[in-house]
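So, here come the structures, one by one.
What follows is a pair of complexes built around subunit A, which joins subunit B in one and subunit C in the other.
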Partner chain A sequence: MFRWNRERWFWMGAIGLGLLPILATFALAIFLFWNAAGAAAQIGMRELATTEWLPQQGRYGVARLLIGTLAVTALALGMAVPFGLSAAGYLSLYAGRKVRAAANAAMGLLGGIPSVVIGLWGMTWIVPLFGNSWISASLVLALMITPTITLLSGAALRLVPADLLEASRALGVSEAIVARVAFHHARWGILGAVVLGTSRALGEAVAVSMVAGNVVSWPNLMRPIATLTTTLIVELDSAAGSHRDALYLLACIVLMAISTLSVFGRAAQRKAGI
Partner chain B sequence: MIRLRVALVASLIAPTAFLTNGCHRRQTEQVVVTGASTLYPIVQMAAEELRRTKGLDVMGQGGGSTRGFEDCIAGRNSLGAMARELAPEEKAQVIVFPIAYDGVGIVVHASNQIAGLTTEQLRQIYRKQTTNWSSFGGRNDRIVVVHKAEGHATREVFMKYTGLTPDEMTRFTDVTAGDNAQVIRVIANTPNAIGYVSLGEVIKAAEAGQPVRLVKFNGIEPVMENVTNKTYPLFHPLYLISKGEPKGGSRVLLDFLRSSEGKAIIRQGNYVPLE
Partner chain C sequence: MIKIPGIVATLLLTALVVWMGCDLFYRGAAGLHIGYFFETPRNLGRSGGIGPMLANTGIIVGLGTLLAALVSLPLAVAYTELPAPRGLCKIVRSALDIGVGVPRIVWGLFGGAFFGGYCGFGFSLLSGILTLACLLAPIMTTGFIASLEMVENDVREQCAALGVDSWKTAWRQVVPLALPGLTAPLALAAGRGCGDAAALLFTAGVAMQMPSSLFDSGATLSVFVFHLLATVPGGQNAAYSAAAILFAITLVIQLGITTLTREERFAQ
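Coming up: the complex of A and B.
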């Protein structure tokens, strides 16, 4: 298999290139952890757990940033999940092949729009309606994660055996019950889709920072809000010394949250056989 | 899924192309300046001039003041560009060269009719004691207060001059923006917003057709002449920094920026050269 002597360069190249992404990821994680651990030790857990984020005064409480992140993500999920799952249900259970292909292409396109473009769209259409606020941030995020949720849960729903649905229909139950059977069968795949959508929402920075207002505050639907990622993107440019270290800590929190969610999301999808 | 993985791997490998690029750079002596985007136009214009006259290869990159400092410490650039004051611990590690002054302009949307603001009126706006443009002869609309993120020089200048406390600077904010470009973008999209930005960058943005305009401050026109003769009170210095004593191309660039041709270029970029 490994004809090492004759094909050494090929294998060295292949293995090297194969390992590179893994090494790069680890290097990035170690770099972030190193800086974040230094910051955490320097700032102290007692300070980090407070609600006051005032870098110029040496206050680095991340509590309200965490709450902001959770609030924006939760509301975005509240908007994206009903739409995403309904769309996925219709497209995979009832829509014709052409409609499904067209819708999936459109969803793929929507998911591929650079976030700065979505952010600009949000600034011109959403901000005039709702101001720079929690609701604007969540609307923009919902727009970005709906494609993820729709496409991934659609894939899970298409794995539901056709004879299961036919058997349900043969029992004479209403179509709503048939759909429920399908969703129940695909529950792990759908959970995976929602979890992966959540991790995308947690990591999104650019578009959200353009509509959220980025002011550290207690969540209020019509008032500005700051999240971990918007704080990072807005402040990194001008941060020095311990302020910069504290921002690395924020980045580390985001990285840990996203990796954990991704592991769970993938596990759920594997369980569903996707 | 497979296609996704291929894309993922490709995106991780792609940056290595830049690594190999970096090796070539060091062979031909190139002056790399990274950091504050405020200084980017100055460096870019100086680069064109030095390429033409001295055959020197100067490359400017943005990325923010913090990147300029970190690259400098790590030896990833020849000179770092800083648009903010250096922290004491930063100042101890580098040599600092003031290059130019940048004014801080009070900026509103182009459709906003107000003529000018006084220091006291600015304080009222930023303390939310006055919350409607009609109080200053503008249209009947809520004032949206835009701040820069903490650590920006423009924010420091604004805070010092208006005498707002750090608490007041954070408590009454509607939008916090990261850099000049973002403040300009927010105001261009928000007809009732007000902010403070690099004068040079607002002038450029307005020339490029963005719907933003500067307002008179305490009756003084926000134009370059008034920053130069210091009648316009809001300004701050821009710096280039070097890890050690600058040598070779870096020295040439610094000397050029302090020569009369260099100063002409700085003025052309809407900044004020040092005397």
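Coming up: the complex of A and C.
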């Protein structure tokens, strides 16, 4: 099927071009690791594990930023997963074709809206209710990842064979059991959807920074909060010297977490056949 | 059991999108007029138009998407059409998965330090274009690979039986057959580029005048909105108008994707 003759040179050219994006990703990873390792060596592990992030005074403890990131992401997931999964379940198991197409288009639109626009909407409607706070940040984030979770887990649920559902119904079990059969069959695809949603949530900076208040603090539902990514976007412009190195370290932490989640999430999806 | 909450959730989310769009246009309407699309901004962007920002968006997103497509299509075609050891495929796949996941702000950090600092382009359209191309290429390649893999294997076998070499099979038979599916990732990437603020903020900068060359700094529409909200006091009203235009652009692109494809895997 494949012969290594005169088209070899054409293919070599194509591969040469195609290597560029892969090299760019590797370059990014190496660049960040290099700078982050330098920063970690300079600042010292003991200092990094503290809770004080005060760049003006040379204090670079990332513990509270990490906790803030986890808190905002976890609450956003807590809101987005039940919402997204029930919408996906309805759309793929019960909705008619036209309803599904319309709802999927709306989800695609919601997922494609630029983060600044979502952030502006959050500033207009959510901040007046809850202030610049943990709950506002999580609400905005939930809004951004619900479409991802709905569409991707909907695609997984659509792969459940119709025979299986009909056989369940023929047994006379309730609709709740039928839905359970469908969700069980699609579990890997749904897991992939949730993991990819999580990785999107971890990386979001712009919209969250517009509603979170960006004050490094212990998580409190109605108080301002800072995450790794919001600290990056707020401080990067003015940072120099060891402050900048410390920011590279934050970026590196985000990158490592997201890379792990992305690879794992895509692997789960592939296992489900999406 | 899942039907009622599902209907409620779907209705709520759909209503939310409609509400968001209507709200933006309602609040932004005061600033919208014919000249809005051509004039330069005045008073730090609080009044005037968005002419330069539209030009910047066109240049950066257009060239960035083009550059990304130029490297993504060969990669996707080579990945699907050439036999390769399984380990190599896995490495490429993982690199692409990671590349898709890398947050925009991290690309911005890298682009600003590498293209802006090391290569010496500073805050310029060129830095922005190159960073955007890096950001979009993995997204686009993943989409292209999915489209190419949907082409029936029969085509490849028939070509091989006729003695057509793999290069011609790939570019004369497989790519044209996959063409409708190949346009969706392009549109998706262009939409991502229009909406990006975090990566371009640290590479293309926030200048609000017409660029005279690729080495000038220039804000895209998204960066402009973010800049108005983050650093210009009293810029919120102008931000609504610009955000309404951004919403309209997203809507057009999404409608395009919906008509091109009925698939959900382009969700991310």
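A few points about this structure:
Simple rule for what comes next: the second predicted complex is superposed on the first by the 262 of 274 C-alpha atoms of A that agree within 3 Å, B and C clash if a C-alpha of one lies under 4 Å from a C-alpha of the other, contacts with A are read in each partner's own complex, and residues count from 1 in each chain.
Here is the rule we go by: contacts are C-beta pairs under 8 Å (C-beta built on N, C-alpha and C of every residue); 3 or more make two chains touch, one makes a residue touch a chain.
Everything quoted here is computed from the prediction, not taken from an experiment.
On the shared subunit subunit A, the superposed partners subunit B and subunit C overlap sterically. Once the two complexes are overlaid on the shared chain, A:A29 sits against subunit C while remaining clear of subunit B.
More residues of subunit A lie in touch with C than with the remaining chain of the pair subunit B and subunit C. By the touch criterion stated above, A:L20 is placed in contact with subunit B and with subunit C alike. Of the two partner chains placed around the shared chain by superposition, subunit B and subunit C are both touched by A:M123.
Of the two partner chains, subunit C is the only one that A:S115 touches; subunit B does not reach it. In the superposition on chain A, contact of A:N220 is made with neither subunit B nor subunit C. By the touch criterion stated above, A:T150 is placed in contact with subunit C alone, subunit B being left untouched. In the superposition on chain A, contact of A:T50 is made with neither subunit B nor subunit C. After overlaying the two complexes on the shared chain, residue contacts for A:H243 are found with subunit B alone; subunit C is out of touch. Of the two partner chains placed by superposition, only subunit B is touched by A:N132; subunit C is not.
Note on the superposed arrangement: subunit B collides with the subunit C stretch 223-231, while the other options among 7-15, 25-33, 151-159 or 223-231 stay free of clashes.
Residues common to the contacts of subunit A with subunit B and with subunit C across the two structures: 17, 20-21, 24-25, 120, 123-124, 209-210, 233, 236-237, 274.
Residues 17, 20-21, 24-25, 54-57, 120, 123-124, 127-128, 131-132, 209-210, 213-216, 224, 226, 233-241, 243-244, 274 of subunit A are the ones that touch subunit B when the two sit in their complex. Residue ranges on subunit A touching subunit C, taken from their complex, read 1-3, 5-7, 10-11, 13-15, 17-22, 24-29, 31-32, 82-84, 86-91, 93-95, 101-117, 119-121, 123-125, 143, 146-148, 150-152, 154-155, 158, 174-176, 179, 196, 199-200, 202-206, 209-210, 229, 232-233, 236-237, 247-248, 251, 254-255, 258-259, 261-263, 266, 274. Within the complex formed with subunit A, the subunit B residues making contact are 1, 8-9, 12-13, 15-16, 64-67, 69, 84, 86-87, 89-90, 144, 148-152, 166, 170, 173-179, 182, 185-186, 189-190. Within the complex formed with subunit A, the subunit C residues making contact are 1-3, 5-10, 12-14, 16-18, 20, 23-24, 27, 68, 70-72, 74-79, 82-83, 92-107, 109-110, 113-114, 134, 137-138, 141, 156-157, 160, 165-168, 188, 191-192, 194-198, 201-202, 222, 225-226, 229-230, 236, 239-240, 243, 246-247, 250-251, 253-255, 257-258, 262-268.
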